[in-house]
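Letters A, B, C and D mark the chains as written, and numbering starts fresh at 1 in each.
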Amino acid sequence: MGGQDLITQLKDHFGDQIRDVNLEAIDPWIEVIPEGLIGICTFLRDDPQFGFDFLSCLSGVDYFQPDPKKAAKVDWEPHLELVYHLWSIANKTSLVLKVILPRWKDGVVDELPEVPSVAGIWRTADWHEREIYDLFGIRFSGHPDLRRILCPEDWVGYPLRKDYEMPVEYHGIRCR
Amino acid sequence: MSTVEKTQIVEFDVRTDEMLVNMGPQHPSTHGVLRLVLRTDGEIVSEVTPHLGYLHRCAEKIGENLTPRQWSPYTDRMDYLAGMSMNLGWSLCVEKLMNLHVTEKARHLRVIIAEMQRIASHLVGMGVYGLDLGSFSPFLYAFREREKILDLFEEVCGARLTYSYLTVGGATADFPPGWLEKCESFLEQFLPVIDEYHALLTTNAIFIKRCAGIGVISREMAISYGCTGPVLRGSGVDMDLRRDGEEWYTNMYDGYAFEVIVEKDGHYPNDHTYPAVPPEAILGDSWHRFYVRMLEVRQAVDLVHQAIDCYRKAEGSCGDPVKITEKLPKGEAYLETEAPRGQMGFYVVSDGSAIPWRVKARSSCFCNLSVTSDLCRNTLIADIPAIIGSLDIVMGEIDR
Amino acid sequence: MESINGHTLLFLLFGALTCFFALAVVFSANIVRMAFYLILALAATAGLHFLAGADFVGAMQLVLYVGGTLVVLVFGVMLTAQSPFVSLRTAGGDWVLAALIGGTLLVILLPVAFQVGLPPTTTDGAFTDETGGERITSSVPVTVPTATRIGLGFLGVPGDDFSGYLLPFEIISIHLLVVLVGAAYLARAKRRTTVKNSDVSGGS
Amino acid sequence: MSEFLINSWGWPPFYAHACAAFVAVVLILHVIAVGAMFFIWLERKVAGRIQDRLGPTRVGGKFGWLQTLADGIKLIAKEDLMPADADGMLFRVAPYIAFCASFSSFIALPFATGWVGLDINVAVFFVVAILGLEVFGVILAGYASASKWSLFGAMREAAQVVSYEVPLGLCIVIPVTIAGTMDLTKISNLQAGWFTNWYIFHDPFTFLTSFVFFSCALASVNRAPFDLAEAESELVAGFHTEYSGLRWSFFFMAEYGSMFLVSALGVILFLGGWNGPIPLGQFVFGAHAAELSGLAFFLVNLLGLANFMFKVVLGVTLMIWIRWTLPRLRIDQVITTCWKYFTPIAAVMFIGVISWQLLGLPSGGDLLPLHVDGRPRLSGDVREQHLKGAVLPQGSADRHSAARRALEGNLVRVGGGH
């Protein structure tokens, strides 16, 4: 589907904001730097040639190996990954956008990494970003109403992180 | 120009203060444990904020410790009214990752099961919607037919609600002998019943008065909020993954003739005798969503007929499921399938071991429900169940 | 009273009920309870009307006062019975003033009530009409057709100089209608605000 | 009954009347209580049939006819809860108001000629008045249970009352104008003879009025498309959300009692009360069917009672049928239907019926008129005969006119004739 020339067109349009491209994977994806996310997403949605007007899914993946033995064999260093699955209703094509984030903002534990929110571009991102903030602890700047959505408001910790420890008790209920 | 002080009597209505009302989590018409905080002024609801998470069972965290075949029982507990479609979606996603093609017979078997599940799920959607609007009888008619489908499923895989029958590589067992004839006899006696439902609800004057023009979702709003399935098609967006989805999913349906149920330039694909669209109904309102579901039941019946013929012609095994601890190739895969309530997406990331690194389920009702706060602004209290009922949400799938 | 006259017994019962509930309205603090006691008081007066044989007027009392006015009154009371208005304590000074006025009115009414004389306790069944007064002596519940006579009195019998009360009735009902519409209009809260010209043009 | 006690047993009149009244009240209460129990059982069976299932079958014998008794015992055994910050007194009193209002209007409801609690001359007006009180039970219950849902239920009930009572009143006035009296026994007796004498076939206007009446009756009883005060799917259970056990059953009995009453009222006003479609009395007893006495009168009344009950049960079954097929209307739709559709229709019907009679157009009654002492009785002359007898005593030549004397004069039983 001519993915290659679309990507080259995208590259020369945005240049260094696209850090990496991988078309051989089962779902070809391009990696984008957080700062350029808003610009690229609006372009991808509005440009008729791309026309990605439908954000199918926004998911987070935590690349961190808790136990040291396996950590040695792993070929990536710990980071958080945001994966945007886009779909174009007109052209019936899909594209995957990835954003690599440090696990904690500039290394300080409990300091959540920042990403600009795309809720302005696709309204569905509003709830998806709240879920990722709730389960992964990634702060989305510019999000209309960033609160926990699945866990109770006063829950501590971010459950889907690999190094997450279940609290011993919550409001008197034993959890572990 | 000088602003001339002009005293003018500004008239306000009788000031009444607002009331915060909790509709849910225990409420007869919120389809499970959904809590809606309504800010009402008398009967008029000025703002709705849904609160979720009451049924959150951390399915995705558990998915990081189980192999794909062990995790499939978790998938059919997500949308417990359409368990087969969830299993199908998860198996296809893992097969896409492993690039594993199932046999021809298994493909047709999957179409039969998926479309029968769609009929059962839409029957629940229709029956419960009648209940939300206050008429009790359609609910029982719908469940009478659904019981028959559940009996058929019970014969196939032993379970009535949470099947985990379709797995990676095909299905755990083939159809028992005589099952296809029973299935066909069910479909024969089901056709006149559909017209009964139309007479009972779709063309009922009070039903139309309660649904038409209520909770209108425009085309752009539906796409922007990521609504899918009957909610999207009810707003006139011509998108059905069985025809224009990913190639890995659509080749399951190639060789099948079916029309996507969506209103194109004013009318629906009229290959069957349907009741006409009433004048009050605006494209994208609750009535249209309900109507799309009813037509999809009709479409599913045709599809099952075609699938049964193809299944009889195909030979070979009905698909041999992979080993429980099958090694997954390194990489990631995302696949969306057309579940009865919308597009159910599964995303699996594997690091080469038998247990996936990350598993994510994209729920259709999650996005469909996100529309409510925009939709229910200054409606009446009686409209809230009408709108939420038309979205046909299942809390298990939303909270995962 | 050698034997209990059913009629007086019921009359005393309904009279006591009316007075009791009327007092309850005055003494109760909760505004919704006041409305409730008012309903019972007016229903008891309807009972009195039935006792007096005026069944049409009794039913009218039930329909108009209890079924009509008080439904709207309770409706209004419920709307406003939020926290500030629920308990209306009357201050000390008002009690004295109220007692004073109430007392004088009572003093005037009591002798008038007794001049009418207690309903006779003779127990003969038939109506006696030679005494000229409206004497209800029988304790058999009265089933004389009052509605027809009220109707005719209303319309006036054809071919007779006495024309009925229809015209004044119509005038009063139109008048009441106008009063109601006026009240509804005045009830809408209005505030006199100074609005700058730009807002006015922009806003309209 | 009371004369019997006074003459043969020599009781003092007061006790006799008190005892007669007591017996009458107990009789009525039992008729309605048994009726309500029967209707609850009927509703379960008819609902079952409509929904393609059996309804109660195991409780007590073949058709589960003891089901309602079982419900009653369950409700009595259930704990009577009361929310903490509910208004205690009002919360307890509300169900009894609704119950008394719906049951006390049965005093004026005749089951057959003479079989009536108290033959009030303004029976129709009395029944409508008492029916209007039932709304207080609902409103006070809604307010007193201090929960937001029941407050909504109460508000809706109040709004609904304001909107359906006008058309209901108008529809009731129409048969009253035809009959010329508000006494239910007379209205029903005037519809004797063939079914064409029934007021529903009197003229096209009354035919339509009966349907408007039936819909407003549904609204007044909170049933089917108008059951907004207790809308399960929106308001949890509307005004009786916080009630349970015996108090809840009082609301339940009140609802079925007023269903019985409203359908009985409709039957008497439009469907000829206790007169069957064909005048059996006329065939059997010939000319002097009107003046029967003793056993014959009792038998004819019994037949009349059977007719009346059959029609009432038909009416209630229709209500049940509508409830289990139609969805519920929204509150603003109910109010628009009542104000913008029922009231104008009822008004037009009213004018229609009046002009129909003034112009003396042929009415249903003229097709197969009942022969009263040899001469076919025409509908028109019923009123004149009633008028002549009531007020105009012969030979009053003094200064005041007869009417004024009748009004201001003492309570004279003026001439015979009614």
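Criterion: contacts are C-beta pairs under 8 Å (C-beta built on N, C-alpha and C of every residue); 3 or more make two chains touch, one makes a residue touch a chain.
Every value quoted in this text rests on a predicted model; they were computed, and no experiment measured them.
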#### Entry: Shared interface partners, meaning chains that touch chain B and chain C
D
## Note on the structure
Intersection of contact sets, chain A vs chain B, gives none
#### Entry: Comparison of B-D and C-D by number of C-beta pairs in contact, larger one
C-D
### Query
So how far apart, in whole Å, are chain B and chain D when each is placed at the average of its C-alpha atoms?
49
#### Entry: chain C and chain D: spacing of chain centres that average the CA atoms, whole Å
26
### Task
Would you mind pulling out the distance in Å between where the CA atoms of chain A average out and where those of chain C do?
73
### Task
Would you kindly tell me how far, in whole Å, the mean C-alpha position of chain D lies from that of chain A?
69
### Query
Which parts of chain D, given as residue numbers and ranges, touch two or more other chains?
155
#### Entry: In the complex, chain B residues that touch chain D
19, 21, 27-29, 42-43, 130-137, 140-141, 144, 200-201, 204, 206-207, 209-210, 380-385
### Task
Provide the residue numbers of chain D that touch chain B in the complex, in ascending order.
47, 50-53, 148-149, 152, 155-156, 225, 227-228, 231-236, 324-333
### Message
Can you tell me which positions in chain C touch chain D when the two form their complex?
### Response
3-6, 9, 30, 32-33, 36, 39, 43, 53, 55-56, 58-60, 62-63, 66-68, 70-72, 74-75, 78, 81, 123, 125, 127, 129, 132-134, 136, 139-141, 143-149, 152-153, 156-157, 160-162
## Note on the structure
Per the touch rule above, chain A residues touching chain B in the complex are 25-27, 53-57, 59, 61-62, 74, 83, 85, 87, 89, 92, 94, 96, 122-124, 126-127, 135, 148-152, 159-160
### Summary
Listed in rising order, the residues of chain B that touch chain A in the complex are 52-53, 56, 58, 60-61, 96-97, 99, 221, 223-226, 237, 239, 244, 246, 331-334, 336, 343, 345, 347, 349, 351, 357-358, 360, 362, 366-367, 370, 399-400
